[in-house]
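Structures incoming, each one as structure tokens.
Look at the two complexes coming up: subunit A is in both, with subunit B in one and subunit C in the other.
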Partner chain A sequence: MIIQIERVKKAFKKKTALEDVTLTLKPGIFGLLGPNGAGKTTLMRILATIFRPDRGSITADGIDWTRDAHRVRTMLGYLPQDFGVFRNVTAREVLVYIGTLKGVARDQLKHQVNAVLDAVNLTTHADKKVGTFSGGMRRRLGIAQALLGDPKLIVIDEPTAGLDPEERVRFRLLLRRLAQEERVVILSTHIVGDVEAVCDQLAVIKKGKAHLFASPEELAKVADGQIWRWVGDIRDYALLEEKYRIVSSVSRGSTMEARILSDTQPSEAVEPVAPTLEEGYLAWVGE
Partner chain B sequence: MGRRMTFPPLWLDLRTMGWNFSFPLVAHLGIVLYLYLGQGGRVGMLTEKTILGTIGLWSPLLITFWIVGLYQDWFESDGKEALLALPYKSWAFGIGRVLRTTALYGFFVWGITRLLFLFSSDRGVSQMWWTILAASILFFAALAFFTVALTRRLVFTYMLVAVFSLGEWVRVYSTSLRVGYSVPSDRTVAFNPFQAASPLPGANPLRVALILFIVSLLLLFLGQLFVNRREYLLK
Partner chain C sequence: MNVFAALFRMEWRLFRRDLFLWLAQIFLLLYYTGAGWYYYRYPDGTFDAGGMFKLMSYWLSMGVVMIGLLAGVLSARREHVAHFDEIMSSLPGDALRPFAKLLAWATVVLIFFLSASVATLGLQWLENSSLLRYWSDTVSYLAVFWVLPQLSAGILGYVLGMLVTSNWIYPLILLVWLTLTPYNGWLEWFRLPHALTLWLNQGEIVYPVYISYEGLAVNAVDFWRHIFLLLLSLSLLAVSLLIRRLRDRTWKERIGLITYAVLFFVGMLALVVKVNPYPEGENVALLGGVDMRYYETMQQRSPLGSSYARLPSFSVQQVVLDVEHQGYRMTYTAELGIQTRGDVDWLEFTLYHGYTVQEAKIGEQSLPWEQEGDLLRIKWPGEKKEGSIVLRVEGSPGSGGVLKPQAIYLPSGFPWYPVPGKWRVAESIYTQPAFGYQIPSLFLNLELEEPTYFNISVSSPLKIYSNLSETGANAFRGTASGPTLLAGKLVEARVNGFRIVAPPDQINRVPAVLAPLQESIKRAGGRLGTSTYPIPSNIFVTPLYSAQGGLNFPFRVYHDELHLDEGIFRIYYGREGDYLAQSRDILPAFYWYNRYRESDGYAPFFLAAVYEQIYDKTSLSSYVDQPMPTTYQKAVQEILLLEREGKRDEAKEKLSAWYKSLTKAATGGLEQ
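Right, the complex of A and B next:
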């Protein structure tokens, strides 16, 4: 399945959230990066058929998102930023409820519920009320419900927010597994590490406009010749911070190591280095 | 290929309501105890008028909690987006679930009313009274559905239903006392959501039930229009 997003526009009253967004999403994991308020969530909601675009179209295998919204929903797994529903019932009951609405056949429902609970490591908590869950556990339950019904398209908004490092690694592995089954998985995030770890393709969205990159490496290259490594006395670091844009720094006893984003060489004391994905992203969004 | 279901399982719809489900049940048990103890715990003292007046007033109102509970996660929770992206059928999710829940509630109220009549020497509840009670319950279910879909806020729904009910009760009660209002004739289009508890003098009961039924359908339809618009529900 290839999803074609063509010149999608969405505005809320006078504020334009998306402006002529055109993207092609192939099977695999597609990362959508962008600062807060850039329009990522609006695009996610359009892909999840909750919002309708004001203009433009989204199609895949002859299915049109506006005309065949119900059909899109039957092949969709969606996890929004927050998942705090059905606090009065157990995790297993939540999944039975959602699985039923997703049209999972009654004789397969129990098996599927057990499988997704296992996939997100919630089997031992399956019969506890959702109201007693921590933020990370609710997030995992949200992922589990998105996986029900074997969706061809999975849309996940800020997937690893609220997960601890162990859960984050587990989730990334799970995503990789999912993408091997000819699915399109779309991640919206502002955590560059998530994209670096799992995404095959990506786009950066800035002020409602999206730019497609063929690979994470291509985005990293945006900062080619703009990243400089500085090593010096910790007392000089404060001055450096005032004058230049520091993208990362590490303290090593009395010395500091910093990476600077600058179009020109900041000083004699720095050396050019290869940019990371995060640096490419920062150079692109210009923040 | 197994069977696919249009509605979520009823028992799960009820479980997800939380205290909204329990409250009307507890309140009805309270009504039974109050009426039973009010006659000194003796059987045979409870009058038909007391039973019909109490059930006719409180049972229709209390269904609000079930209808609001039915939609609390869909309209007012942090993760409602995930639910709104599900491939449910809008009519089943809206009117369908309201009618299913209302039917169950009606069955429960029927049972409670029959139970109360065990404490009474009166036995006669007319078919008309049952019809009016059913229409009143349906009306309040439809009103709660419309209000919760319109406002998408539980507190606003409770407040609006409470204010409306209080106003209507005062109007109906005043009319029944013939204070400040003209008494409707048999042919008047008389609206009375509390007809089962406090009949409007002179109004044709069947006509009142029919009007309640029509208004209920209208409210259900209007509520459904809001429910069909997922973007509106997300706001």
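Right, the complex of A and C next:
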């Protein structure tokens, strides 16, 4: 399935959230990066059929998001950033509920619920009230519900926020596994490491406009020739910080090692280095 | 269908696990049954289920509305508070969710309804209440006064919960609650129409729905009043779903919601246009006030003491009435067998002005007629000496009787049918009670001087009782001074030669009041030096309190009927015999209003007051020097002065003489 987003525009009153967004999403994991307020959540909600675009279209396999919203919902798994569940129902009850709404056949429902519970490591907590869950467990339940119904499209907003490192690794592996099954997984995140770890392609949204990158490496290349490594006395670092945009720094005793984002060579004491994805992203959004 | 079932199951599960909801309802039911039982189970072991219902149901209605509003708010906020709303908006069936919520809420309300029904009927059964025989009325009452307001309040709460997301919701709920209760008169401070407050009121309006005479009278208007709020709530629900949404609605959804909103709103408006939320027939105060003013005006035109009354110049041999009861109205054809005396041009009848003659005929010949106030004049074909005239009449008895879908009280002394002759129908007494006594009955006794043969059939869904012999279903005939028609939640019993018709919870208490009553009547007659009266054989417990303009007037007596006010059995529970045997009640009923008398209304009460001072040792001395209607001042002061000076025998003789002179002067200028 290939999702074609064509010149999508969405405004709320007079504020334009998305402007002519055109993207092609192929099977695999698609990362969506962008600063706060750039329009990521709006695009995610449009993909989740919560919002309808004011203009433009989204289509996949002949399905139009505006006209066939109901069909889209049956093939969609969505996990919003702000996810919670009623406190006085069990995890299993929630999953059975959502599975039924998604149209999972009754004879497969139990199997699917057990499978997604297992996938997110919640099997032993399946029959406990959600009110007793920790934040991480609730997040995992959110992921589990998004996986129900064997969705062709999974839209996930900040999935790893609140997960401990072990759970994060487990989730990345899960995503990878899902992507192998000809699905489109759209991952909106602030954590560039997640994108770097799992995404095949990505887009960066800035001020409502999206730019597609074929791979994380392509985004990293945006900062080619702009990242400089500086190593020096810790006392000189403060001056450096005032003059240049530091993208990362590490303290090593009395010396500091910093990476500078700059179009020109800041000084003789620096050396050019290959940019990371995060630096590419910063270079892009910093324009 | 699966999607809707899943949505319903989840919504129902959430309601089911809502501890607040069930605890509140359990508390309400415990309060209702517990407090009701405690206060209405009397030391003699009897249980006034009707009284309990009347008082407690009022609070219960208000309680269920509050629970409904709060439950609605919680339901509306549930997804948002749980951060589950965004997920739900992205799932199939989001558009159906409000309907599933509605159905789940209706299920909750249904369970409350069943619990309340079981609690109410169970208590009545345990206490062996006679009200149990009208269990279907109890269930109807609960359905209309508990289920519908709670259902609507739940929807309104949901609407408020969606529209108001701040904590202002709680004062707002209080305000809405006050708007939906009988205490919503404050809305009129803001110049909102009175009718609106009536429509919004989900409790009982001024008149109590439970009157022992009528039983649990849930009529169509009560039902429509609650449907009004349901339609309004559903309309607002559709509007709020349009306004407040996380998900963009499709055009189809928008059109659907607008259609729902408009349809429900139009339905509500149609109700407002078509239905009177407080039918005149229920509004005792309004009817009484209208009649009071009417007869005040009449009295100004024709003052008491002037020659108004006129005996008929004809006699009526028989009266055949074919009555059709139509809720708050009635129509009937009256066939009157007339025999004239001498030359007669116009036949004069007295017919309460609430009734209008539609047609008058003799055989196939139409007769001209005139109606002016309570006077009906029919042109008599001069060449005839006798014949049957047929009148088609339509109307209602105003405050002179009771005519409702659920009850009828048309007393024989009230001209609800054409009474031969020209009579004053009522006196208007518009001053404060004298000597602490109640004001007298407004309506005079217009029983026929000569008993006449009546043949009456009534078409009504109600079982009718009458002083006439029953010859079939709601058919009566016999010779009497007038026909009384009664209907309501009544039963009949024969005890010691008396025929008693009364509400089931009062019928066993009527015989006990008869002995002290008879004793008191006999004693009073002897003291007044007039013939005494036996208690008539027909004893009817009637809504005198809410008809006949009598405030707390406990009974009326007719030739073959004694009408006891049903309120006495509730208000003076256990003491009704003593209350009724009081001279102040006996004298006006048996020795004044037992026949047609005109006075300024004070006469029987001054009479009773002086009587009590002399015989029952009340304290009237302080009133002796106070101004009073001049007609009586001289006589009253003379008698009281004699009594004060210890000349008791002289005072008693004077009282008897005064009574006789009073009654003689009170015939409206006619010979006694």
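Just so we're on the same page, the second predicted complex is superposed on the first by the 286 of 287 C-alpha atoms of A that agree within 3 Å, B and C clash if a C-alpha of one lies under 4 Å from a C-alpha of the other, contacts with A are read in each partner's own complex, and residues count from 1 in each chain.
We adopt the following convention: a residue touches a chain if its C-beta (ideal position, glycine included) is under 8 Å from a C-beta of that chain, and two chains touch if they have at least 3 such contacts.
Just so you know, these numbers come straight off a predicted model, no measurement behind them.
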For the three-chain model obtained by superposing on subunit A, do subunit B and subunit C clash or fit? clash
Looking at the overlay, does A:I246 come into contact with subunit B only (first), subunit C only (second), both, or neither? neither
Quick check for you: in the superposed arrangement, does A:Y97 touch first (subunit B), second (subunit C), both or neither? both
Contact-wise, after the overlay, does A:H70 reach subunit B, subunit C, both or neither (first, second, both, neither)? both
If we overlay the two complexes on their shared chain A, which of subunit B and subunit C does A:L212 touch? Say first, second, both or neither. neither
Let me test your reading of the model: by the given contact rule, A:F86 touches which partner, first (subunit B), second (subunit C), both or neither? both
Answer with first, second, both or neither: which of subunit B and subunit C does A:A115 touch in the superposed model? neither
Who does A:D107 touch here: subunit B (first), subunit C (second), both, or neither? first
For subunit A, which residues belong to both interfaces, subunit B and subunit C? 45, 48-52, 70, 73-74, 76, 78-80, 82-89, 93, 97-98, 100-103, 106, 142, 145
How about subunit C: which of its residues touch subunit A in the complex? 2-3, 5-7, 9-10, 13-14, 17, 78, 82-84, 86-87, 89-93, 246-248, 250
Sort out for me which residues of subunit B touch subunit A in the complex. 1-5, 7-9, 12, 15-18, 73, 77-88, 230-231, 234
Over in the complex, which subunit A residues touch subunit B? Could you list them? 45, 48-52, 70, 73-74, 76, 78-80, 82-89, 93, 96-98, 100-108, 138, 142, 145-146, 155
Partner subunit C, residues of subunit A touching it in the complex: 45, 48-52, 69-70, 73-74, 76, 78-80, 82-89, 93, 97-98, 100-103, 106, 142, 145
